[in-house]
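Okay, got some structures for you below.
The two complexes that follow have subunit A in common; it is paired with subunit B in the first and with subunit C in the second.
After this line comes the complex of A and B, so read on.
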């Protein structure tokens, strides 16, 4: 197998020493089947053990290794080096504070995610012994696409609306709210509505669509948000036409 | 060990130049401005028509002058871009299912173009000639 060399410009930031982040260049030999994460692992193992970054599964499932490669938010385990020029630029995800090197602070996302109650709100709680909440394949098909989200934050990093408006709930959290709202076993839509249909929720989205373009799991958060806008608009008018009808 | 997260502020004015997809988005949004101006020109035309033949002929002469024609070409190009980009995203906002099968996005987009051509042709036949 052929071995080539690639240069990585990696953004470094040590909160104990640096006033601001700076780029550091590493030269890494690589094979055709290497992804960006392999090259970063090589740097960590062979060249500079001080480099900090998150990763776990190396198979686009855990969602830990999101970063910006040549300006584009990608999973480092999902981006082959052979598809890039001889020199690539690696930065932490945009729109999040940098904790250290390629590690970002995710607290804002975690708070927003929990605010939309991304879990099953059942009509009545069942005991484990009473078995599962049943669902047909057709009912599952309604929302299955949105279950694929791995919380990798690439969509938040790509979203200019989130960059400019800190209060925006953001793509992944709204897509997950939509996922549960579409679930036939769930009755939590009205509870989620306070956050989802607020000014900081779906109405902050101006449909740039970048979230869906960068999503590594083809979740399509932009679609989820536009569909929620339509449903929410329907609710608004229904409130006047049939005030006695409450979900 | 102390935490001191570094905040990289995005550019408040130049953010849309950072990615081609942001530029495409801005083009889509700005296209509405040209369509809006075109509607204003149409309304002015109707107003001039209501004022009599001489006023309307004067309006037409301005609209068919170099500035009017240049604007019309720009408005047309932006209107096509506006229509194209919004039709492209319709499957996202309006996913349709037939039974348990999802109707392909390309079909939804094609149906919009078909409707657009149908309505345009009907209007042309009705008032265009």
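After this line comes the complex of A and C, so read on.
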């Protein structure tokens, strides 16, 4: 058992009590294999049960424990204390309103996610009895990487463009739009285009690539957005070359 | 599936509303009350029917693969509203969880050819009616045996002192090295990632330390094959329900079948029920029931003083369940467990709620979840105490044999205000698959 301790400076904010957020410091004994979430759970269970944060799976699958640790957006359950100095600062995700302590309001993302129609738009709706929409492994491989998104919002927190322009549809939603556009069973690209290729869509992205750097599932939203830009540009010129062709 | 749900604008979601009580009057369900976590407000959702889909209750135990929210709240809601919890003594231990976190190392790792060895590097499963090791691989033998038998074999190895001790308790080794790096990367990339990051063991070069971990609640809210409960208008599907397809030991992937089949049946049943003329309701009674539910929450929220912490009580409950109702049980351990649970129930009346904010108050939610878990734990322990035989995941040291004459039946735990449920039984519907002796390894031939 390790005798080491770590100091956590955690941002606290209760809208009913506090005029402004402030930091509170906790000293936590920890083990080398702990993640940041273990240390926060220790605070909750042993030191201060008023601390609020989201978490559930503790294995980087549910995507609920995104927060800023020493300035970087991370999943607290996949950020290892061994990789940090003896004192760490923990804040809620940036670019979202703080609801309470480390909990942010996600409404804006939920709206944007819906807006890109992140589901299969099939050529014709089939009844369950008519069987599956079939696909080859090669067709699946086209977009599989983009299905790994767990909606953790780290990419929105890291994105400088989203910080500046709130209307920007943003990395995860655009990557998911791309995921369905690439799906051989899907014909929804033209309907998604209204949002994806709008002023708030792909063209807002200045390709800083911060989204892909912080993505815990290596989805690479930046690549998805650049690929969408190319496809969308193609559409634009095709309109002049072949005006009779509807995408 | 979540994304596909966005396709249907008629589905209105209430994210982060925590359901607390079912409104049941004269045997019929009229809706639920729920706390809106963002504001702390308690809402009454009136409805013609309700489907519970809250998942399992693994968090009743200290070491589980289940997420933090798997606290059995849906089960407890139905139970308190008068629906029995069926077969709660059957709790599945998965044989391969990572020590410390309980992260699941998939059964696929054994399916692909991983082996389990003790501290001497010996494939110990051959000592527990699962061998001989060769020919390998073969169905229903050695590492391809069922989860309950593999977890029980670990327990015996531990008693014999042949496991490996670590800071996080005893372990055995799951050895994947013979698969080679290419196959591990192709077939088990998640196993490699989880093991490497969470315990610093790369399975390409080292065996993974594993131990049995609570994984699945076979029991749950008693439903029929249409996912309907004994309360009119109340349905349940998934791990929170017990439609009895998993018996005493769920087989891998059957939970998905259960979700797909009985989720659809619950939806259709509920829709049909809601559409075919539901009788008049007494509005005053519904409002009064909702008010009572709200008062109970407010009483908890506003209470001052108190000497018992939520986390302390939860830990004591967890420890009592592991010690008394774990892989192997007996009259003594289960008796002690139920007594401890009753003490915890008493102590819970003196629980300390420090957080007085209305906004995202996880202190309050944690206390409510603990209340659910205490109810569910008592149903598990008492059902296990009454079943004086061994069957599947329920193993009694004092009654090691299966006893079909006396216990080929489902237990039903009925809530009582004392906290200790009344247990009775109902028959098992047996159609094509007849009960038979469970035979594994070489004995199959």
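Quick note on the criterion: the second predicted complex is superposed on the first by the 245 of 247 C-alpha atoms of A that agree within 3 Å, B and C clash if a C-alpha of one lies under 4 Å from a C-alpha of the other, contacts with A are read in each partner's own complex, and residues count from 1 in each chain.
By our rule, contacts are C-beta pairs under 8 Å (C-beta built on N, C-alpha and C of every residue); 3 or more make two chains touch, one makes a residue touch a chain.
None of these values were measured; they are calculated from a predicted model.
Touch criterion met: A:20 reaches subunit B, while subunit C stays clear of it. Of the two partner chains, subunit B is the only one touched by A:163; subunit C is not.
Looking at the shared chain after the overlay, A:148 reaches neither subunit B nor subunit C.
Of the two partner chains placed by the overlay, only subunit C lies in contact with A:118; subunit B stays clear of it.
When both complexes are overlaid on chain A, the residue A:99 reaches subunit B and subunit C alike.
Comparing which residues of subunit A touch subunit B with which touch subunit C, the overlap comprises 15-16, 99, 105. Contact residues of subunit A toward subunit C in the complex are 1, 14-17, 31, 33, 44-46, 49-53, 55-59, 62, 78, 80, 99-101, 103, 105, 110, 113-114, 117-120, 176. By the touch rule above, subunit B contacts subunit A in their complex via residues 1-8, 10, 12, 15-16, 18-19, 21-22, 25, 29, 89, 91-95, 100, 102.
Subunit C makes touch with subunit A in their complex at residues 3-4, 6-7, 15, 38, 67-69, 100-101, 103, 167, 194, 197-200, 309-311, 354-355, 357-363, 366. Against subunit B, the residues of subunit A that register as touching in their complex are 13, 15-16, 18, 20-21, 71, 94-95, 97-99, 105, 137-138, 141, 158, 160, 163-164, 206-210, 212-213, 220, 222-223, 226-227, 229-230.
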